[in-house]
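So, here's a batch of structures to check.
Same chain, two partners: chain A is paired with chain B first, then with chain C.
Right after this comes the complex of A and B.
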């Protein structure tokens, strides 16, 4: 009974923790401009993150070592430092976007400018990381984040023409009045939003934090293979709500506040309150994960003591790094830069940097010295190699598309 | 002589193409600013309607109006650097600026009304500005 409850909790947490500011914004932008014609990218992205997280979790559980320790060992310090630089910068950008997302969500409750909430949000993130146990932190954020199921409820309440939505989803490349290059730019952005590298740093380091062993592999697999696809379904619901309410009125989403309009239309104030609570939890949870990931990547690379399982005094550099990253995030946001712009750029750069972390994990997951009998099977390897190609294409195409389209304008 | 004629013809063609592409780029900028304005006005009208129907909260509605006011002001500013090199483009830009300016005024009025009194009397001003923006947008799209 305890095992079943643990499994259910893990899956629910994975669903609630799947969405972050990148998913919320990118799916709403895409839904309002392209309908569900980019829904296929969410499916491709979700399968990709399942493959990636499943391999990273298995490597961590079997070897007891997290992503960046292995990257440094496999690539050597010189090549790995490039990898570290790129991953750290993108993680920092994502952290900034998540803290901005928390502040924007609180603005929706209070109507006080988000800029005033940014320092409070960052301090709250630090306090939780400092004082709250890892499992409690992860489970509470994930479970409250489940309020985002309200987007699926909203889509049903809107009573859309399902056949029309289905047609949009299956017709593939359809740009309407938008340019083809803009369509592909958002395809890469959606892919990057679904496969953000910090999720994998956090997942694999979290496995070490929680002391996973080979015995926990089944639960890890269930969390990923059930939780993430259901989280992906919520991404589609966000795009669907925007497609039903905003697209016909030619409203292109540029702000988080617009994402709430279809929800209020469908379910009124109660559903709106649920969703705003879900957005606060999802962005706050992701801010915790990205802040921890910032500490994990650097500390693992340099071999410093890391982890929440150690008291802060015994992992001082790890904790100091996280504080510095939060201060950098606050500083960036207080310049007045739009958090939504930071989000859109961070998801595109996530796609750019993805091969840097995916390839080493793929190599280690195939190494019998590390993995013993738990190396990748043939089918998984086939899928993982196909994804390596997709990731490379998205990574190469991202920056040219960003320039050609003026960041999707 | 023949080579000179070819060179002159080629130069003239390049200049004409350059001129056309500059004009097209300027028209694209106008269309983009008008589309952004349309989106801001339509979002605001929707937010006000939902608030009037008690389906949304005051804070959420104020946030939408604040965000959209920022967006439409940015769209208006984006028209300032647009290069004008023909009377047609001048008149298009004037029409676009006029429509967007009406939108800015209507949106700021609605936002201030909501902040001060907690209600928005009517979205008629915004709807009328939206109609103006849509009219100019339709003409520009039709002329391409």
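Right after this comes the complex of A and C.
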């Protein structure tokens, strides 16, 4: 019984934890401009994150080593320091976007400017990291984040023309009135949002935090293989809501409130309250994950003691670093930069950094010195290699597309 | 290069593959640093070496600012090296284990400084978030 409960809990947290501000915003923007014609990217991205997240989890469980320690061991200091610089900056951008997302969601409840909430949100993130136990932190954020199921409920309440939505989803590349380059720009952004590198840093370091062993592999695989696709389905529901309500009225999403417009129309105040709670939990959870990931990557590169399982005084530099990152995040947001813009840019740059994160995991997952009998099977390697090609193309195309389309304008 | 640690017998190690950029753990399994560079014993500089010159041996593991020189080139002055003597190494495996507590080495001074001047001064800095679990992976003494 406990096992079943544990499994259910793991899956539920994976669903709630899958979505962050990047997924929320990008899916709504894409839905409002392209309908469901980019839905296939979400499917491709979710399969990709499943493949690599369970690989990183397996590496961590078998070898007890988290991703960034291995990146440096395998690639040497020069490549690793480049990788670290890129990953860290993108992670910092994502962290800023998530804290901004929490503040924006609270603004929707209170009507008090989000700028005022930014410091409170960041301090709350720090307090949780400082005091709360890892498993509690992860489970609470994930479970409350499940409120985002409200988007699926809203889609049903809107009673859309399902055959029309289905046609949009399967017709593939269709740009409507938009330019082809804009279509592909958003394809890369959606892919980056689904496969954000911090998820892998967090997943592998979290496995070490929770002391996973080979015995926990089945559970971790179930969490990923069931939880992430369901999270991906919620992403599609967000895009679907936007496609049904916003696309016909030519409202292109530029603010968080617009993401929730379809929900308010479909389910009224109660569903809206439910969704806002879900958004707060999802962005707060992601803010925790990105803050910890910032600490994990640097601490693992330099070999510092790290982890929430140690008292802060036993991982002093790790904790100081996270405090500094949160302060940088607050500072960036208080300049008045639009958190939604930060989000959109962060998912594109995530796409740029993808190969740097995923290649070392693939290499180590094939190294018997670390993995013993648990090295990758042939089928998995085949799929992973196909994904490396897709990732590489997305990574190379991201910045040219960003420039050509003027960030999707 | 060979190492004669008692628990491994004699085996060949490739400095690049097995030593550099490896995680170093202390006697309690707490991370100390990553091996950023190695210090070798001096060989007489210039001219042809006499036939009976002993080969250089590893004298210490280096960590800290020396990393910059591996990325950008150059060599730091000897006085600025943060070193742990090779004699403290007890095992070379996927990680390098030391036979001494990390607290006592040069390599951890920044960690100790940040702890004593910043983190331990913030309320709750010595609180162990996982203390209700007793799986042994928690605080190793001095929790509060």
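Note that the second predicted complex is superposed on the first by the 409 of 409 C-alpha atoms of A that agree within 3 Å, B and C clash if a C-alpha of one lies under 4 Å from a C-alpha of the other, contacts with A are read in each partner's own complex, and residues count from 1 in each chain.
What we mean here is this: contacts are C-beta pairs under 8 Å (C-beta built on N, C-alpha and C of every residue); 3 or more make two chains touch, one makes a residue touch a chain.
Quick caveat, the model's predicted, so the values are computed rather than measured.
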Touching partner for A:272 - first (chain B), second (chain C), both, neither: first
Which of chain B and chain C A:133 touches, first, second, both or neither: second
Which of chain B and chain C A:252 touches, first, second, both or neither: first
First, second, both or neither for A:162, with chain B first and chain C second: neither
Which of chain B and chain C A:69 touches, first, second, both or neither: second
Chain B or chain C, by number of chain A residues touched: C
Which superposed partner A:264 touches (first chain B, second chain C, both, neither): first
Residue ranges of chain B in contact with chain A within the complex: 32, 35-36, 38-39, 42-43, 46-47, 50, 54-60, 62-64, 66-68, 71
In the complex, chain A residues that touch chain B: 107-111, 245, 249-252, 254-255, 257-258, 260-261, 264-265, 268-269, 272-273, 276, 409
Complex contacts: residues of chain C adjacent to chain A: 20-24, 30-34, 36, 63, 67, 70-71, 94, 110-112, 114-115, 118-120, 122, 124-130, 132, 135, 137-140, 143-144
For the chain A and chain C complex, residues of the former touching the latter: 63, 65, 69, 72-73, 76-78, 80-81, 130-134, 211, 301-306, 308-314, 316-317, 319-320, 369-370
